[in-house]
Each structure stands twice: as C-alpha cells, then as structure tokens.
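This structure is in structure tokens; I'll ask about it shortly.
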Amino acid sequence: MSAQFALELKSLRKNFGKTEIIRGVDLAVKAGERVAIIGPNGAGKSTLFNLISGRLAPTSGEVLLSGQRIDGKKPYEINRLGLSRSFQITNIFPKLSVFENLRCGVLWSLGYRYTFLRFLSNLDDANARTEELIKQIGLQRKRDVHAVNLTYAEQRALEIGVTIAGGAGVILLDEPTAGMSKTETAHFISLIKHVTVGKTLLTVEHDMGVVFGLADKIAVVVYGEVIAFDTPAAVRANARVQEAYLGSSVADAQGAGH
Amino acid sequence: MLKLHDIHAYYGKSHVLHGVSFNVGAGEIVALLGRNGSGRSTTAKAIMGLVHAEGTLRWKDQDILRRKAYEIAHLGIGYVPENRDIFPKLTVHQNLLLGQKGTGKGSRWSFDDMYGMFPRLKERQHTEAGVLSGGEQQMLTLCRTLMGDPDLIIIDEPTEGLAPKIVELVGQYLKTLKDKGISVLLIEQKLTIAMQISDRALVMGHGSIVFDGTPDSLRADATTRKEWLEV
Amino acid sequence: MTTTTTTTPTQYYRFKPWNIGRFLIWSLFAIVLIVSPLMFKSSLALTMLSQMGYLIIICLSYNILLGQGGMLSFGHAVYVGLGSFLAIHVMNMGDKGGLQIPLVAIPLVGGLAGMFFAILLGFVTTKKSGTTFAMITLGIGELVASMALMFPSFFGGEGGITTDRVYGPTFFGFNFGPQIQVYYLIAAYCFVCTALMYAFTGTPLGRMLNAVRDNPERVEFIGYNTQRVRYFAFIIAGFFAGIGGGLASINFEIVNAADSLSAIRSGGYLLFTFLGGAVFFFGPIIGAVLLVFASILLSELSKAWQLYFGLVFVFMVMFAPGGIASLVMMNLRVAKFGKFGRFWLLYVALAVALVPVVVGAAALIEMIYHIQLNSALGPTLNFFGVALDTSGTASWLGAAAILAVGLAALEVARRRFVRAWGQAQEEIEAEIKRREAA
Amino acid sequence: QKGETVKIAWLDPLSGLMAAVGTNQLKTFQFLAEEFNKKNAAGVKFEVIAIDNKLSPQETTSALRSAMDQGARYVVQGNGSGPALAIIDALEKHNARNPGKEVLYINYAAVDPDLTNSKCSYWHFRLDADTSMKMEALTAFMKEQPDIKKVYLINQNYSHGQQVSKFAKQNLKDKRPDIEIVGDDLHPLAQVRDFSPYIAKIKASGADTVITGNWGSDLALLIKSANDSGLNVKFYTYYAVTNGTPTAMGAASDGKVYQVGYSHYNAPGPVQPLMNEFKKRFNDDMYTTDIYTVYAMLSEAFVRTKSTEPVKVAAAMEGMKFKSFNGDVEMRKSDHQLQQGLWITRWQKADAKNPYSPENTGYTLAPVKFYEAYVASTPTTCQMKRPNNS
Amino acid sequence: MNVEFFVISLLNGVSYGLLLFMLSSGLTLIFSMMGVLNFAHASFYMLGAYIAYTLSGIVGFWPALFIAPLLVGFLGAAFERYSLRRVHKFGHVPELLVTFGLSYLILELVQLAWGRSTVPYGLPPQLQGPLFSLYGTQFPKSRSFIMLVAVLMLISVWLLLTRTRIGLVIQAALKHPDMVEALGHNVPRVFMLVFGGGAALAGLAGVVGGNTYVTEPAMAASVGSIIFVVVVVGGMGSLAGAFLASLLIGIVQTFAVAMDQSFAGGLQMLGFTVTDQTFGYELLKLTISQVAPILPYLFLVLILIFRPKGLLGTRED
C-alpha cells in the first residue's frame, strides 16, 4: 500500500447506542497538508478526532495512517505510530512542571520507554529537545512552574507543546484557540504554523479567522458527514456550508476581519 | 439593580480586583470587556460570593457582600461560568433539573422553553452531559441557569466554542431575555457581538473599570480600545 | 524585555549525584544511620532502630504506589509479608544445611519473593486505578491473610515460622547473632534501598508514574500504556516491600501470618506513609519513624494509645493533609525567603502553650483509663511522677484547670501565629511575583 | 528475698480481637498480685508491668525487650500461641546470649501442644492444660455418655481449631469407635457473621453432639444461632467462659453446653471468695484462675530457693510439686507442663450448690465430673536443652 | 441436597443477605453519593448498638429504636460538619483517612464508656422466640425483624434517591461545588444531611443487629470490610446493585457452606491421584465450605477485574 495519504478515513461510522453520530466519513489528507475541520456544534468533529486517535473505536469503517490501519488500536499504539492530538478541554499534567510535562511527551519517541535504569537528567537528547520545545512555545519563563499555576493561555500553549513533543508527523488539534483573545489567538496561530512545519495538521476551529488563516483545505462536517472538502475560498463560496454553518453575516464579518 | 462600589477581591493572598465600581440597571444588557486576565471572571465570581471580596455590593437594595452563593442565587442572580462546569455524569435533563430552585413552579422558564430554544438539547436530553460536544455544553449551561429564573444573569464568555451561526442565535436570545425584563451582565471576548447587543459597555484593565459608556462611545474611543482591548 | 536567546547555548539540568547539597544530605543520612545505635544503647532502642530501618524501606516502597503513582493500596502487607515468609524459609533451609544463601543476601530473597507476587497479583490489580484499584487490593489482602491461616505447613499457623539467623559461614567475621550486627545490616540495606528508590524518582519510568497519577488519560496519548506503567511500578514497589519483609524476618527471626499479612498491617503502612507525607520523597521516612514510636512506645506509655493515636491522626489529616513532610517543607520555604526569624518566638509560644494542653488532657484521659483498666491497683495513678487520685475531685479539677488554661493560651498563640504566617506567605508570594517579573 | 519486688511483665492484648479477654486477665493479674502481696510465704512484692502486645508476635518481641529494659525477669503471656512462640524463641536466644540476665516465661493460657513438645523450652512453663490434654478429659467423659452417637466437629480454621479437630478425631476413634463423626467443619477465624448455614448443616447431618474449640464471638454466635433455630444438640467446648459467651448461652442452652477446664466458677478452695470479690469490685468474672497458680508457684519456688533469681527459680520449679487453688499439682520436669486435674462442667441454672452466676445470667457452669491429673496427662516428645551449668 | 435443606438454606441466605444490606445501605448512600469511603461506617453501627443498649435500659427498646439512630445520625452530621468538610477539599484519600482515624476514636470511646467486654444487650420480649418453624427448624423473630428493617431501608433510601434531587445535587457538587451553590443549592447542608443520614442508617442497623447478634467492641471490625464488598460488588452509585449484591453474597455464601467438595476431590474424580504429597495439597484439599466466608472477597476481586463498574453500577471511579 502506498503511503500517498498521511491520513485516510474510509466510510467511518460511529454509533452511540442508537444514535448515529458519524455517518460514513471519507477523507484523505495528504502529507504536509493543513486541514481545518469546521461544522456546527455537535456535528461530530471531536468525535472524529476521538476515532482517529483511538480514544473511541469506530463502529465500522477504516482509519489509515500512512497506509497502515489504525482503527481499533489503543491510543498509545497510535501515538507510537506517529499521530498525536490535543484536547478541546486542556488536558495536561497539573502537578508536574512545564519542563516535566514536555519531557514526558518527548520520552517515548526517543526510545526511553519504561526504563528505570537511566536518569532523566542524563538523557541529553531528551533534555535538549525539551528545552527547544519550551522555547518554541514561549514558556521559558515558566519552565519550573507547575502546570496548574499557568494562566489559561499558557496552559493551552503547553497543551500544544505536549502534543507536538513526540515529534509525530500527524497532529490533531481540537479548538486550540478556544477562550483566547484576538491578540493571543493571532500569536498562537503563528506558533502553530511554526511548530507544525512539514507536518500534517488537522484542526477543529470555530473561529473563522483562524480557519482561513491556517488551513490549506477545509473539511466541513455536518451531522456526521463531510459535506465539503476543498480550499478555503471554495468552501466559503459553498452555499450549503453557508446555510449549515456560517450564517451569512458573521461569515463575512469574521472571515474578512482577519 | 446591581451595584458594585470599590470591590476588591483576592485569591488566597493575591489581590486581583482593585476597586471595581459599576451598576447594572433593570432590563439592561451590560457588556464587560477586557483582555485575558484583566479580572472580568473574577468580578463575576465576586458578585456570586465565590471569591473573597471586600467593598460594597448591593442587589435590589440588599447587601449581598458576605452572603453565601446559594443565598445570592435565591435572590435572583444567575451565573453562567466560563468553563461551563456542566455535571458530566448527569444527563442533560438532570443538569437542567438542578438549575431549578425548589419545584420550579412559577418560573418564567420551563423545560419546553429550553428545548425550544436549542432543539439540539432536546435530542440529547437523556445523554450524559459529559459527552456532549463543546457547543452543546455551552448551550446547556446557559439553559441550566435560566431554569433558576434569575432576574440578572451573569454570563461569562457564552459564545466560546460555538459555531458562528449559534453565536448569532445566542445574541438574539440575550435580547429576548432583556425583553422579558431580565438584566444581563455579559462578559465577552468577541467584540462584534457584544457591541451589537449591549446597552452599555464596560472595559476592565488590571482589576478595575477603565471605561464605562455606550457601545457607540467605545467605538469612538480609539485610545481606550487600543490600550485596553487590543494588543 | 527578553534578550536574544538565540546565542545562548541550550542549558539543561544535569544529574550531579555529587553536588554539594545532595552529598551533604546523603552523608548526613548515612551518619545518622551509623551513629544512632551508639547514642541510644538500650536493647529496646536498638530494636526500635532496627525496626525503623526496614520500615523506612517499606513505607518508601508504599509511597511509590501512593505518593508517586496515586494508587491507594490496602494490601501492601501482602508483599512485605510474603517476602518475610520466603526469606525465613530460605533461612531455615540454610539452617538445615540445605541451600546455603548467606544471610546478607536473604533480604534480596525477600525482595524477589515480593516481586514475584507483585508480578503475579499486580497484573490484575493494576488494570484499573482509583477506587477500583483500592478495592482490589483490599480484596486480595483479605484473601491472602485469611488463606494464610489455613495453611499451617507453609505459614506456620498461628505460631508462625521461626528461624535462627545465625547459620552458615560468617560474613567478614559477623555472624549476625547480636542485635547490633543485625542493625547495621538493616541500616546498610536501608541506605541502599532509599538511594535506589530516590534514584527511581529520577528515571523515565518514575516520571511517567507521576504523569499517570496526574492524568492517566493524557499519558495514553503520548505513547505510554498506563496499565504498564502502573504494573511496573507495582512490581518495583513489591520488590522493595519484599526486601523490607526479608529484613523484618532477620530482625525478629519469626513471622506469623495473622500479624504480618493482615489488613491492619497494610492499614498501618498506609496511615503512616500518609502521616509522614506522601507528597515528598522523604515523607515516608518520617512516617516509618513515627510508626515505630507509635506502635512500641505509645502503647507502652499509655493504655490509651489508640485514643491518642486516633486524635493525632484526625487532627493531622484535618490540619496538615500533606503530612509532617509538608510542614517541614513549608517552614523551609519560609526560611529560604529569610523570614523564619520572626517565627522562633511564636513557635516557642505555641510549644509552651501546648504543654499544659497536652498535660491536662493526658491527665484526664489517663485518669479515665485508670478507672477502667487499672482500678485493681487502687485509685491513685502515677502520672509523670505526680500521684493523681481518681477518687477525689482535686485531681480532676486540677487537670481540667490546666487544660483550660492551656487551651486559652494556645488559642492566643495560635491567632498570633496564623496572622504572622499569613503575613509571611503574602510577602513570599509578592516576592515570587517580583522575581518572575524581573 | 524477703521484701524484694518481683516485676512481672504481662504481655497480652488490650486491643484487637482479644482485647476483652486480655483486659479481664490483666485485671485478674493485678487483683491477685494485691492478694498475694498481702500474704505470701516468700514475703516478696509482686508488681505487674502491663504491655499491650496487640496479639502480634512482632510487637510481643519489642514489648519483651522493653519489659526487660524495665527490669522484669518474669514474663507472663497467654493469648495465642503466636506470641507465645515468639517469647520462647526470643528468650532462648536472649538467655543464651546474656548469662546472668535470664528471663523466665510463664504461660498461663496458650494451649498449643507444640509449646511443650516439638518447640518446648527450658525457660517456658505452662500452667494451662493443652489442647490434647483437654481433649483427653473431654473424650474420657464422652466415653461414658452412651447417648452420644453422632458427633459434629466445627472449629476455627487456624492452628488451634485444626488441633482440636485432629485430637477429637483421634481420641474418639480410640475411646468410642462406635461414634460416627458426621461432620468436620473448619471456618475462617473471626470472619463468620451468621452461623445459621452451619447450624442447618449440623441439623441435616443428624448430629447429637458438637465439639468445638471456638472462642470469643465465634463461639457466642455459634451457640446463639443454634439456640435461635432450635437445634437440639450438646456442645462440648473449650472456652464457654470468655466474655460474652455466657450471655449468648443464656437460658436456651440450659444443660446443653459442656466445658472442659482446670477450674470452674464454683471451684472449691481459695479462689471462690476471690472470684466473688472480683465480681463485686469490677462487675466482671474472673475466669482465668490459673493466674492464681502463677503466683502460688513463684512464691513456692522463691521460698525453696530463697531467691528470686530466675535461673535458680527455674531449676526449682522443674518437677516441683506444690499446692494451688485446685489442690496438689506438679510441674512436669520433662516438658514444663503443669499436671493438674480437669473438670467437666455443664451450663445449668445457678443454685445453692453452684451459686456463681457469670454475667448475671442466672446460670452457671456446674461440675459434672472431675478427672485426676493422670487421666488427662499426655506424653511428651520434648527434648529440652537445659543450660549445662545448672 | 434435599428439598428441606435447600429451602432452609435459601431462607438463611436471603436473611443473611438482607442483614448485609442493612449493614451497608448507609454506606451505599454515603459512598455512592459523596464518594467517601467511610471507614467509620461500621463504627457508627457499633455506636448504634451500644447507645441502644443503654437507652433500652432507660426508655425501653422500642423508643430506643428511634432515638438511637437519631443520635448516631446527629453525631455523624457533626463529624461531617466539623471534620470531614475541612478535609473534603484535599481529596478522597484524606477523606478516607480521617474516617479511618474516627473509627479508632469511636472504638476507644465505646470501650471507655461501656468497657471492653460484651454488654448484655438482649432482645425485647416481642422479638424473642421463633416466628415460625420450617421442617423443624425455627426461624427467629429477631431475624425476621432484621429482614423487615432492611426492606424498609431499601424503600426509604430509594425514595430519597428518586423522589428528591439530593442525589443529583451531591453528585453534581462533587464535580463543581461552586457551580451547584451558584445554582442556589445549599451544598454543605446537603452533604451534612446525607452523611448524617448514612450514619443514622448504620446506627439503626446497630440497634437491631446488636441484640440479634452480640454487642462487643470487636463488632465494628468484624463487619468492616464485608460491607465494602457489598457496595463495590453492587456497583458504585447503585442502590439496587447493593441490594442485589447483598442477596447474592448471602445466598452464595450460605450454599457454599454446605459444599464439602474440594479441588482434590474433583481431581480424584477425574482420575488423578491426589495425595498429601501432591504439590499444593493444602490448597487443593480446602473444601468450598471452608472458604465460604471469604468467598465474598474473591467475588470482589473477580467482579472488579471483569466488570469494574460492579453488578449494576454506572460509574467506575
């Protein structure tokens, strides 16, 4: 199987009890592409992420990561194959310092699995990588602060930091900028752009500014189906999208606002 | 109706609000704007009695400064927190039930009103709230507070994580509330929507109010905007 | 203003085992271990020191689960106890001239046994965390303890298994008959195991264990299998627990199932690890020391030891939920910011006020207990050299008065202290903010 | 030795499963010390140092050290063979390693036969009759009861209970091969909260007699449950006297419960007034009367050796014949097991002849048979290591 | 096994099951609602028995049946108010430990007040003697009374849970206490009432359990862990589960006592020779009846491994 696509979903379905939440999603993302997923609340965007990242097992259908099937695998197995995700609600290690949080994210990928025969402080490569990450996400000042004590925006940054720490090739971000102010958002977008260079990125967003600023392609999910998957311009012009999601006035205001 | 005068608030030993004063009149929508960390959420918590506060705090001519949160709620102030605080293991319906005070009789709002407002919630009414989508949770918190039949509702960032279309919808509903005589203290990040629907705008900076005026005058006041709202 | 960071080379923390502070602390620990028996010479003191030695290992191993892994176990005694049993059987084999494992290696036998059972039972135990974990350990603990009583041939029934630790060739001239030699064996193990367990906190597995404690869900998304992490930690804890058990059987030369495997024993490890302070690495060491004092001295000094114990425990949990270690660390923090000076007097005042409270309360309690337990000895009891007469009102009133005065004084001192403490904390917070901003 | 103070360390539980028994025994020790201090031939003063060993062998060893630090040269203990063994073991080592500081252990209630057989020790003296001796007496009595046809054994599943079961089967086979053993149940110690399933089983088996070594609530609940369901069998027991069991038996057990022991509530001799006095003072029953023997034996040995030095006293006590509350007794030299007569008693209404009523139940254990020491005596396999200098 | 024995065992099993439920219903209430592993629950049970013993000497058993649980409930509420509440914010482990400490205190105080031996707490005349006889085995009134009380407890707790919002308030407050207060609920008071209520149920169990069985200082320890088994096997947050688990454990245990089969016997039937030389003979020769009373723990472990939610539970944590 050729790994033409970094991530491929084939007629993916998910039911919760009787309700069908994902109703046959097909999506193929090329390596290095930045894709934004938008859609009304409850359309199934986060669920889609959960299916891809192994938090949930699909009812049917396939998920392929670089051509390899990963549906039904455990989250850590999927992560080891090079897919990493962030969470809509911040999900970090509250009682560890920023540095430790990031280092935890780094360890597996550098092959330090469950070892208890080496000291962390002697793992030069891991420490170097962690320092670099801290710098990337701009938290040098908070290096030794416990994650609980960070401000909201800093926590969001750390969330992204932990997500990219393992060096995964495919990154999924769920509403990375939720709860941030305009200026912070702008700053954050550039950060994301910067840290995901050369990687495949999927992100869920409601902020159209972010979407249009970040994405090469946009997938629109409505009621568990992808109704459009195209370039930003094409999507904005799509009448169905406007009707189902954007709502005329806001789309213009926000889309143009950036 | 609500009167804050020289309110100081503390998280443990750290002093966050440095003398906040403003009023909210009956049936008024007041937008409370400001940057991240400027103290808007803390103001809301101070009103609700959830943080240690000092100063003068009056509501309907009663001193509510040292009251317990549940007493304040019973006096008719509703609070929608920023991090949603839904009860994840309870169903949507149970979440709403908890919003009611007493039996819920005599309330302006019924379950049907809520489900009418957001049909999505009706569909999910027997689902555990914890698995709702982010946006659905946001709707739920709003409705949950309304079920308590408040006269003033303090909403902290209600549109976060909502699809643009729903954001518009929320704006409309806030206006409906106002028409029913309910005051709204709206804490917002999204200037556009806040400016559209509010009667008055407050801007907070470093724990005190730095601007108090109509949305139009704020629009005109470029310096305040620049200094306290942007970059 | 940030300076240009591009030019500065990446700096990171390096483990320097011989950095001065750490070297000092570890040397101090070693010295304490070495000189204690020279200072406290009575045979009771020596027993107590020996017990502290291996209990330190056990409590620290327990804290790998509780403090570092967030796993509340009600069955740690299982691994300690089984380690003891295996160790004692192997010693008896040596005694009888069978397999000769030198005594100095016996704790390792215990350790391997503890590890073996941790591998065996831990697999199902660590599948889940939280309450489920706690309840499985409770169940397994009860099962093992009850079953052990039913198998006298291995567990020796009610009498347990005895042994003689003096067997085989001597080890550099030591035969480990005298308690003092045993003490030093224990002390050596204590030192090494403590160092190893400390080292463990600085390894990748140790760190991931913390991560699993804090947020198991996220751990799964950074490539680690949480069950695996818990399982490995459980095995390591089992190993050290077993070493502690092995040392215990060398120390006592007897093990008994009802005693060493019971839920009460597990509960003891839990309580004292917590009392010492589960949040800090060294907390359980304090806990182990307290455990020995509580179980040996307290029950000898007073028949009311369970009451004192319960009271102290409830108050500790209520007012110092981080254990003694957190109290120590809080004061160290104050000291680090150079603000400890103002507390000297306050501490003295607190202590002075506490004396009448304790004396008054203890006198009352002791009198009540005397009436119940020792009335055969007549109405008077000897309370720290003072004769109290439980039949007259004078002693009662006197004790109550002392207690009342003490309470009043304590309240005054406490108020002052709380105010000063709050003040100091505020200053420290401000100081930290300033440094951060600088 | 006149005027000397003899410190006796009492190491038994004041907390845990046997707290009630331990507390009662401690009171007995203190009470009798007072009695003996008034008048003993040796003219010594006994002082009891009580330490709670929590029924744990490990705590016992620490307690022992502390007792020795406080100058005690005599240790008494009785609950559980675990702590007993721990003391024996510790003393073997201590006495060997510290000549001149020897300590003696007087066991007043731990009844594991091993303690005077495979694990016997020169420093240990037992005053209670062990499980096998009591079973000898019990079965000697049962031999003469022709109406016993089917016996059910129910015991706690730990060494004591297992031994009772073992000796019962052995002795009955020898003495009454015609008796059918219709059940042999072992249940976990102190785990059963409802005995009715066992009672149903006993009933279904058609047994007319139950032998049990149970004690504490395991016995109280067993008998209570039997009475509740109207099970009509006789119980042959070891420990019907410990706290709570008399109340549990009450009127319903009238004539149905037998106990074997070296004494009983209405024993003749010097303990009778003491028991009454004890009851008056503490509103509690004194049932561990061999504590009297502890003092009697020590005083006698002090007189004989004119010393309180444990080594000499030990040598004197070996094979010593002396008088205790229950007549002439002998401390057998070969294994340090006291040889004394045993009574079989039966639970029945207290009357003029047997007036003592435990726990104010209105009932008592009345003697039905007395066996001389030789009847219950069992041989020993003990090969004692005696210190060579004495 | 004949019909007669079967019927009697079934009755015994159900009655033991109901006893277990009576002991644990208060714990279910507290554990499932507040998430507090209340180690002092059994101590409240003991306290109920002792207080009732004293009270019934003064006012008689029937008034004591009501007053004693109230007193115990009051003590429980006071404990919640002055101790547990402080500790609540530190998390579950300190909560559990403080109840652990409390159990020590209660034990000591009970021993101080009533001594260390059994107290003669007897049945009132109305409850003495058998209620009916079945195949010549009597069924005592006292145990029937326990069954009745257990069923009443089931109904009342069930009503409390379904007819009021208390359960919802507490569950919600565990997650976001501030939010629940902001919605107008007096959270501290609800916690106090629930804890007091749970303690009162334990006290009630003590009042009726104390005279049916024995009232002694060890009575708390002896039921201490079995009640956790019931609650956990039944499933966190499930009253019905606890009820089912009680009955199941009661019946299984009762029938297990009747079974004298062992592994060794089983193997022999399959044609293996098993002697006392066989490896693990001691384990193999154990009969089911010998392990019957500890079967619940095995049950607990198995349930948690294969169904961590418990029989009817809805939550895992």
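By letter and in written order, the chains are A, B, C, D and E; residue numbering begins at 1 in each of them.
FYI, a residue touches a chain if its C-beta (ideal position, glycine included) is under 8 Å from a C-beta of that chain, and two chains touch if they have at least 3 such contacts.
All values reported here derive from a predicted model rather than from experimental measurement.
Undergrad: Which chains lie in contact with each of chain C and chain E?
TA: B, D
Undergrad: Hop across touching chains from chain C and tell me the fewest hops that reach chain D.
TA: So the least number of steps between the two chains is 1.
Undergrad: Looking at chain pairs B-E and A-C, which one is connected by more C-beta pairs in contact?
TA: Of the two interfaces, B-E and A-C, more C-beta pairs touch across A-C.
Undergrad: Let me check something: if the centre of a chain is the mean of its CA atoms, which chain is farthest from chain C?
TA: Here the answer is chain B, farthest from chain C.
Undergrad: When the C-alpha atoms of chain A and chain D are each averaged to a single point, how far apart are the two points in Å?
TA: 75
Undergrad: Quick check: how many Å separate the C-alpha centres of chain A and chain E?
TA: Averaging C-alpha atoms per chain gives centres 48 Å apart.
Undergrad: Between chain A and chain B, what distance separates the C-alpha centroids? Give it in angstrom.
TA: Chain A and chain B have C-alpha centres separated by 30 Å.
Undergrad: Could you list which residues of chain C touch at least two other chains?
TA: 146, 150, 306
Undergrad: Which positions in chain B are in touch with at least two other chains?
TA: none
Undergrad: Once the touch criterion is applied, which pairs of chains come out as touching?
TA: Pairs of chains that touch one another: A-B, A-C, B-C, B-E, C-D, C-E, D-E.
Undergrad: For chain D, which residues count as touching chain E in their complex?
TA: Residue list for chain D touching chain E: 14, 16-17, 19-20, 23-24, 157, 185-188, 190-194, 196-198, 200-201, 203-204, 216-217, 220-221, 224, 228-231, 243-244, 247-248, 284, 359-361.
Undergrad: Give every residue of chain C touching chain B within the complex, in rising order.
TA: Going through chain C, the ones touching chain B are 422, 425-426, 429, 433.
Undergrad: Can you check the complex and tell me which residues of chain C touch chain D?
TA: It comes out as residues 42-44, 47-48, 51, 146, 149-150, 152, 157-160, 162, 164, 177-178, 248, 252-256, 258-260, 264, 295-296, 299-300, 303, 305-306, 373-377.
Undergrad: So in the complex, which bits of chain C are touching chain A?
TA: That would be residues 5, 10-15, 199-200, 202-208, 210-211, 213-215, 217-225, 228-229, 232, 236, 436 of chain C.
Undergrad: So in the complex, the part of chain B that touches chain E is made up of which residues?
TA: Within the complex, chain B touches chain E at residues 48, 50, 68-70, 72-74, 79, 81, 85, 87-90, 94-95, 97-99, 101, 144-145, 148.
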